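Here chain A shows up in two complexes: once beside chain B, once beside chain C.
Up next, the complex of A and B:
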């Protein structure tokens, strides 16, 4: 599965111009992209969609806006974390790591029980008071 | 100290920079995207005369002119704060601070979210994301997809994906929820589309090509909508189907779809699962204005222009001394309008610096006329009532100036 998601021929834009191949690693695995690719586009061309997992829930995330607005595509590039994959061009030898889950020392275990509105909060207080 | 810093190298920022350089000003253009051109880069529509509006080619013309004039353009740099200082502005970026006497903010637009449960799965993206992958990076976003959200932009981009050979199941609405609201209301969506249909046959319908025109316009005008959708280049557009959920474990595997009533209520027993491996969500565009806000510019809410807009006049000046805006930050319109506004801004800025040059006075007026003309002739329009929005903004600016003198 190498770069097989490229749009090579296009009826209006013409065929894809020749571009240098660029090699980089993502989570230790080697991939190649084309000069001018962003990290996000090079990975997608290789069929890789998951760029990070949610820091708390561990759920997979990929690009959303692809133009720098949503920050969903944060990866670590050559040891710098929080880099937007959709805005960063690949360079030869770049070492990219996906965003990993983070320790949640203060995470509450029963978020579901939190009141979501002030009315709910008042109701809960009242129940407590009644006891 | 630069004469002017321009934030954003889209059509507005680039054409402003070109004008400023023509008048030999000391200019710095900053953009966080690795390529110049902004959202123009991904655009590809067929004009009514059959010619293609090719964003990559249009961008090339702008960047080539800018580079002939030795314009300093720095890419891959994000501006995160703007500070008003005594003799100008301090622009804070992730590559240090830059100072200038004047500042032009041309940051363009962003897409509003129309969230549907499951939208954080890899393979779900905004419609603009798919546009950039398809036309700029030339990468297929998936094997088969569905577009959630029916508007001018999503219709245009769905067509672009088709051109590139990307398979789309259909275009449908998002299910009604507190965030998707009007985007999920078939009547309102239809109403919005047909209100821009006075641009006979309207940008949206124009995408349908000559054959479909009259027929579709009529159907849109009535409230009747065919159960199997209308087809645009063979792809069904369903104003009466909505996606309630995007399903998958590690990536998109399918969507859950229902038939909906004319006001967007789900019809029981019509649930269906459609297998797709990507989903594009289209919630419309809003002006990207944060930097103008932190610079202290007053704002005005304008539905016609697409959201909260920094107060400005037709010369692209804001009430803040030395602060200018141009392009989609002033209201959601096509790239041609943004480019024409950029020219006005550039000339306005040059006029302010060079003072009293009659030729510049004339050129500003001419460029303003050109904006109006471009607007009138626009083959793509995002919001009905742009004209009214623009007129109101002019009043708001005048008022803001009056209050200032009164103080």
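Up next, the complex of A and C:
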């Protein structure tokens, strides 16, 4: 198995019991996990830490609270969006998509610079013409 | 330190909140409306206590003074299909 980020021998919890291996895809790439994993833990074991990006800024997001509180880890699972990766148990053949940046409105111009009346607009045009 | 993110859903930094609080000398509720801190996907459940604490430091407003940052149902974001009674896809 490729996922080598697991603690197989824990000083307190003992060794990792044998578990069935399952496969799933994340953003089209195939990964394997263990039965009983959450989506987040299976991906973390594969070294994937970025589960989505912020819709507006595109900055990466991943596990934050890991208890289903913050929705930072939401992904799209089998076409259902807004699924929390940290709470959802992974199933064989799951198709998971990360959160992508969304289209943003054009940056607005400085509102102060707009003329408020037609008279102001005319005045501005005139100043421009004078130059 | 000031560029630390307070509200992750709407990407509002500590600096944004401090500057807005100082500029407008406003309540936590107004901070929310001006910066969008606490208006994101998680419903403000993650950053609300932090925003309250920051406000206490900046303007001295105690959480719950005047108009508090309110909490209202649903407690968690719920999809319409769940409200409709459909089982979440298992």
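Note that in this section the second predicted complex is superposed on the first by the 104 of 131 C-alpha atoms of A that agree within 3 Å, B and C clash if a C-alpha of one lies under 4 Å from a C-alpha of the other, contacts with A are read in each partner's own complex, and residues count from 1 in each chain.
Note that in this section a contact is a pair of C-beta atoms (placed from the backbone, for glycine too) under 8 Å apart; a residue touches a chain by one contact, two chains touch by 3 or more.
Since the model is a prediction, treat every value here as computed from it, not as a measurement.
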First (chain B), second (chain C), both or neither touched by A:71: second
First, second, both or neither for A:56, with chain B first and chain C second: second
Partner chain(s) touched by A:80 [first = chain B, second = chain C, both, neither]: second
Chain B versus chain C as contact partner of A:36, first or second or both or neither: first
Per-residue touch tally on chain A - higher for chain B or for chain C: B
Partner chain in contact with A:114 - chain B first, chain C second, else both or neither: neither
Footprint overlap on chain A, where chain B in one structure and chain C in the other make contact: 54, 59, 61, 64-65, 69-70, 72
Residues of chain C touching chain A in the complex: 8-9, 11, 41-42, 45-46, 77, 79, 88-90
Residues of chain A that touch chain C when the two form their complex: 54, 56-57, 59, 61, 64-65, 69-72, 74, 77-78, 80, 82, 91
Contacting residues of chain B [partner chain A, same complex]: 32-35, 39, 44, 52, 54, 56, 76, 78, 110-111, 120-126, 128-130, 132-135, 137-141, 163-166, 250-251, 288
Chain A residues within the chain B interface of the complex: 5-13, 16, 36-38, 41, 44-45, 49-51, 54, 59-70, 72, 86-89
